[in-house]
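Residue numbering begins at 1 within each chain, and the chains themselves are lettered A, B and C in the order written.
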Amino acid sequence: MLSTILAVTLATAACATPFTGESSIDASTAQGPLATHDARVATVQLTTGDCSSDFGVSTDIGGSWTPDGRVPESGSALATDGVEAAPAQLLAIVADQLHLPDGATVKDGVLVVRDGVIVAAGEVDVPEGARVVRHDGHVTAGLVAPYSAGYLPSDESNENTRPFLPDGRVVYGFDPELPRLADALEQGVTTIVLPPAVSQVVGGRTGVVKTYGGHVVSRGAHLALSMGSQAANVTRAPTSYGGMVRALDGLFTEPQGAYAEVASGNLGLMTYVSERHEVDRALRLFARHGLKGALVGPSLAGELAERIAESGCSVVLPTPDLVPNERERDAMVALFEAKVAFGFWLNDPSRYRSSAITALRAGATRDDALNSITSTAAKIARVGTSVGQLARGFDADFVLWSGDPLEFTTTVEAVYVRGELAFGGDQ
Amino acid sequence: MALGFLSTFAATSAATLVLVGNAPTTGALSTQQDDGPRTSWTVTADAIYTATGTVIENGFVRVSDGEITAVGRGKIKGDFHVAAITPGLVEASSGVTIGPESVEQDSESTPHISVEEGLDLFSTRWARELSGGVTTTMVSPLDRNVLGGLPVVLKTGGGEPTMDDRVLRTGVGVRACMGSEPSSGNSPVFGRAFGIFNRRPTTRMGVEWVFRRTFYDALRARKDADFTFEGVETVYQVLDGELPLIVRASPRLDIITALGLKQEFSIPNVVIDGAAEVLPEEEAIVASGVSLILAPLTFDGNTGADRAYMAWNTPARMAERGVTFALSGGSSRNDDLGLALQPGHAMRGGLAADAALAAVTIVPARMLGVDDRVGSIEQGKHADLVFWSGAPFQYTSSITGVMVSGELAVDPRHGEEL
Amino acid sequence: MFSLEPTGRLKAAFLGTALATAAIGPFTSTALAQANDALVIEAGRIVIDSETEIEDGVLVIEGGRIAKVGKRSEVEVPWDAQVLGGPEFTAFPGFVEAYSARGMDRANESIDVAPFLDVQDSIDPINVYFQDCLRWGITSINVQQGADCVIGGRGRLVKPVGITIDQMTVRPHFGLVLSADPKRGKSRATQAQALRESFSELHRYLEDLVGSAREDADLARREAKAQGRELEGEDAEGRAFKSAATWSVDGLELVPRGAIDEKQAPLLDLVEGRTPAFIHCGGPHDVHIAIDVARENGFLERTTLVLQPACWKAADVIVEAGVDVVHTGSLIHRETDPVTGDETETFVLDVYRDKGISFSLSSQNSSTTSLWYQAARAIGHGLTRAQAIDSVTIAPARALGLEAHVGSLQTGRLGNVVLFSGDPLATTTWVEHVIVEGEHVYDRSKDPRNRILIEGEDPFDNLRTDG
C-alpha cells in the first residue's frame, strides 16, 4: 500500500484562506489526508468550496477521491473549478412517477442531468441528444441520512484522548472503500452524515459524504456534542452531567472558534441525547445560549415534543422497530404533532427506508415521511440546498424504485450518484 | 386508632381554627381546571395531623390550585374522606440520583458544582418516593467526592417534570462526605494506568486532608489576591455561614472528624447527614450545636453506611437533649415504605408521636429552608398531603393516597393502596 | 420422632434446655429446679388464636404442654408453680417459621442432587439467627437447605433453644428441599430436566434393584453384609411400593429398605409420601414445573411451595394443585412496565388470600425482618388482623403438619408462648418473654444485645477505666 501514488492535488491555490476562523489545530488537521491516509492516499482534490464560510448551504465543498489515483471511468462527475474533466453529457430519466420537492408526484416526469447536476425536473421535454433512461416505477432523490453509526473505520470516530475537540473533523477518517457504504448505496442511500463518537463531549465536526465515488459534500457541517451518559466518562473529566454542562456553559459564554461559529449559526450543531433528562438538560443549555440544532437519539422524548418545537431544534430518531412499541410510537406522534423536523439514524441500511414507513404508519404525512429520509434529512445535515431533492441545481443523486418507496414490497432498481449509475440497472 | 397525642391538642385546635373565605356547607365547590390534573379539593378526615403541634379531629382540608386554603374542624361534605392526613413527608437525604454521573469526579473537591444537572426528573424513582408519601426531598451528589457540590430541594411530583415546576430551592448547602466512600475505588499510581482515580484519597486521613486543604486554600485566597481556585466563593459562603455544610458522617469516628472540622474552621452551620453512631458522641454533638439527619433505623441496628450501628433510642435521646434532627429513609424504599416507616421505628425506640411526625415533616423542611412552603398543613402552603388508612406510622397502617401540589398522585378513592 | 407423649423425651429435652439456658445465661432468669415443673402465665390478654382472645387470663403449662387456659377467675392454678407475666402483658402463640434456610453454616451445597445431606450437620446452634428468633418470639423453625440444589438435603424441625442440635431438635429428618428455581447461570430447562431426571433415575434404580433381587443377585445386600452392616428391623425387610406417582415399581417388597442407598432413600421417602417436600419457586414458570414434578411423582399432597414474590402470577395453578405456600421476600412485588417504564406494585398476599390459598410468611429473607413485623405490615397492606395472625401461627403449623402441637394456645398444644408488652402487632410493642415448651427462655430485660440495640447502651462501658 505504501507504493500507492501520493498524488495530492491540493486546490488550495485557489483558496487563500482555506480554514478561516479556525485555530491552529485545525490548520494542522487540514493536512489530515496526508497524515491519516498516508498509507493509501490517492488523489484528493479539494475544491474552492472549502473556502466557503457558509457550511450549511449548497456549495459543493467536496472533492473526489479515487483509489490508486485512477480517474473514475465515467469522468462525468468530476466537474471541478478550473478543471473541465469531460465533455458535458445530458442524461434524461423518464419516470412513471417522479417525486418533486413540493410533494407532487409527476406522471411520466422527466429528470434532466448534466455534469452530475440536475438541470431540470418535472413536466419538461426530453432534451435533444440526451441519453434517455426510461423507468417504469418511482424516482426519488437519493436518500440522505442525517446521522449514522458504523460508517467509519472502527475507532476512527472517537478521539478518546480529548473530551473537547471542536476542530477535529471526522471526515479525515472517511474511508470510501468501507464495504458498508456500498450496502447503504444498494438501499438507495446516497448521502450520509458521519458523526464523531458520542463518548466525548465535543467530539469534533461532522462530515457529509456520498456513499459512492468518495465525494465529500461537507467537511464540517456541524459541531457534534454529546450530552449522553457516554460522555460523562469516569476515566477523565468531565465525569458527570454537572461537569459537562459547566464546561459547555463556559465554552458558549463569549464563545471562541468553533463555538462562536455555532453561536452565529455558521456551523451547525448536532447534539446526542438519549434519555429524556438528557434532552431536558440540552434544551436548557440551548436556551441559556440561544443555540439550536439537531437532537440525535431521543426516541422517547414525547413529553418534551412541545419544548423541542419551541427551541427550533430538529430531531434525529434512532431506527425505530418495524412495529414500534406504544411508547416509541407515542413519542413519534408527539413530535409529528408538534411539527418538529425529524429524520432517522442510519445504522442497518436495510432498515433505513423502513424508518420512514414506520413514521407513516405512526401518523406522519406521506410528504413528511418521505422527506424524513430525503429533503428534511438533508436540511438537518445542513446540505439541504445541494442534495435531497429533485430540483434544478441539486446534485443528481436519485433512486429508481420498483414502486412506491413507502411500500415494504418496493425494491431499489438503480441508484445514481452525481448522474452516474452507482448501483443496479442494466442500462 | 392510636391518636396518642391527639387529645392534648384537640381543644386548642378548635379554638385556633382558621377558615378562609366562606365556609361552604358542601365541598363540591372545588373547581375543575380546564387542563391538567385537578388541583382543587376538599378532603375530610377523622384526624388531621398538621405538624404544627395540633391534631384536628373530624376535620377537613380545603385545597385550591395546589395550595391549602383552609384547614378546619367540622363535618362538612368533602370530595372524599380518609382516616388520617399528615403533611407530605420531607426526605432530607434522598438516594434518588442518576448515579455516578451526578457528581463531577475529576476533582475530589467540587464544592461549587450543583447536582441540578445530575437529576433525572423522568426517573420512575420519583413516583416510587411519591407513593411512599415523600413529596419533598433533598438530592445530593453521589458521595464520591470529599466536597461533592450543591444539593437541591425538589418536589417529587406535581406539574411537569421540569426544573421550573419541581425545584423548590437551590443553595441549600454544600455537600461533604467523610468516611470511606470518597476514597473507595481510588488507587495509588503505581502499577495502574494513570486515571483520575490515581490522585484521589485512599484513606480517611486522605479524605480529611482534601477537606482541610480546600478550606485552608480558601482562607489563604481571602488574604492573597493572587491566589484562588475554582469554587472558592462557595467555600467562603460556608465559612461565613451563608451555606450550611451538609456533611455525611455515619460511624462514630467520622462524626468526631466532622465535629473537629467544624471547630477547626469555625464553620457556623453544620448538618450531619446519615448520622448513626450518635449516642457515643452525644455530649459533643449537643455542645457543637449541629443538626442531624439520622440514618434510617433498621431492625438489627446495622445502617449499612460504613458499617455504622444505630441504636433504636437514638431519635428519642436526641429529642431529650434538644438536638435538631430529621429522620431519613434514604433510598430504602425497595421492599416497602421507606421514610414513612421511620417515624414508627423511632417511636418504637421511645420517641413521642408528635416529635416523630415533626422529624419527617416540618423539621427537615426547616432544615432545608423550605418550611415557608411545605412541611405542615397550614393555609398558604403547598397542598402536599398523605392519606392514611389508620393512625399514621403504625406498622398496621398504610398510605392510601398521596397529594402533591394539589394533584392526587395516589388516589385514595380507587383503593389504589400500596 | 415427634413425641405426642409429654413424658420421656420432653423431660430429657427439658433438662437439655435447662443446660442450654445456663449456657446462654443472660437470656433467662429461670431457676433450674422448681418443685413443680408447671409454669403459670398470667396476661391481661391471651390471644389463643386469630379468633379467640381471653381478657385477664391465665395459662398453665405442665410437662411442656398447655394444660389449662382460661379466665383467671376460672382456672385453678397449682399453688407451687412458677408464675410469669402480669396484667400488662399479652400472651401470644409462639410464631412458627414455615421455612428457613438460616442458622446454618452455609445453607447451600454446590452439588445439584444432594438428598443424602442433612441439615443437622450444618445447623449452628449459636448462630445469631436463633437468638434473633427468640427476640422476635419465633419458637418453631423448619430449617431446610437453601435453594441452590436441584434436590437438597433433609431438613429438621427445631426450636431456638439449646446448645446442641439434639437439644434443639423437635423432629429430625423432616422434609426434603427441592428447587424449580434455577440457580444463577443455569437455564430453567436444565433445572426442570435435572429435577425430573432425579426421579426417573430413582425409578430405574429401584427397578434394577428389584431385578437384581429377583435374580437373587442382591448386590447391595451382599455389599452391606461384606461391610459388616447387618440390616435390622425395617431395614432388613422389604415393603411394597406405595405411591400416588404416575409410575410404579412392582416387586419392591423383595428389596430390604436398608439396601437402598442413601442418595435414593430420601427420594423414595418423598415419593411414598413419608416426608414433606418444600419446593422453591423463583417465578411463576417455576410453579408449573414444581407442581408437575410433585404430581408425577406422587408427593403433591405433601408439598409446600416456597415462593418468591413474583410467583403470585401462578396463583391459579396453585389453587388447582391445592398446595400450601410459604411467601418469602418482600410483601410487595414490583414490576416495571417494559413499554411505559411505569412501576406497578402488587401486594402478593392479597392475591393468595383472594384465591383462597393457605399462605405462611417467612423471615427467611433477613431484610424483610421478622414474622410479627411482616404480619403487621401485611395488615397495613390490606390483610385482616385474623388473616395476618394466621399466616405466622396456624397456617405454617398446618403446612408443617404440626397444627395439633403449635400455632395456637389451645389446651394440649406445646407450651410455646410469647409475652408482648402490649398489642402484639403495635409499633411500640416488644417481645418481653418467650416460653418454649414450658421453659422460660427469653427475658428482654436480660438480653445484652437488645440493650445495645434498643437502648444504645455502650457494650464496652464496663471495660472502661476512666468511668
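Operating definition for what follows: contacts are C-beta pairs under 8 Å (C-beta built on N, C-alpha and C of every residue); 3 or more make two chains touch, one makes a residue touch a chain.
Please read all numbers here as calculations on a predicted model, not as lab measurements.
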Touch-based graph of the chains, sorted into line, ring, star, complete or other: complete
Innermost chain, where centres are averages of C-alpha coordinates: B
Inter-chain centre distance, subunit A versus subunit C - centres from mean C-alpha coordinates, in Å: 68
Averaged-CA centre spacing for the pair subunit C and subunit B, given as whole angstrom: 41
Chain centre separation (subunit A, subunit B; CA means) in Å: 49
Two or more partner chains touched - positions in subunit C: 341
Of all residues in subunit A, those that touch subunit B in their complex: 229, 232, 234-246, 275-277, 280-281, 284, 303
Subunit B - residues contacting subunit A, complex: 98, 100-107, 110, 113-123, 141, 149, 160-163, 195-197
Subunit B to subunit C touching residues, read off their complex: 2, 124, 127-128, 131, 279-280, 299-301, 311-314, 317, 334-336, 344, 347-349, 389, 393-398, 417-418
Subunit B partner contacts - residues on subunit C that touch it in the complex: 132, 329-332, 336, 341-343, 345, 347, 366-370, 373, 376-377, 379-382, 385, 425-428, 430, 452-458
Contact set on subunit C toward subunit A in their complex: 338-341
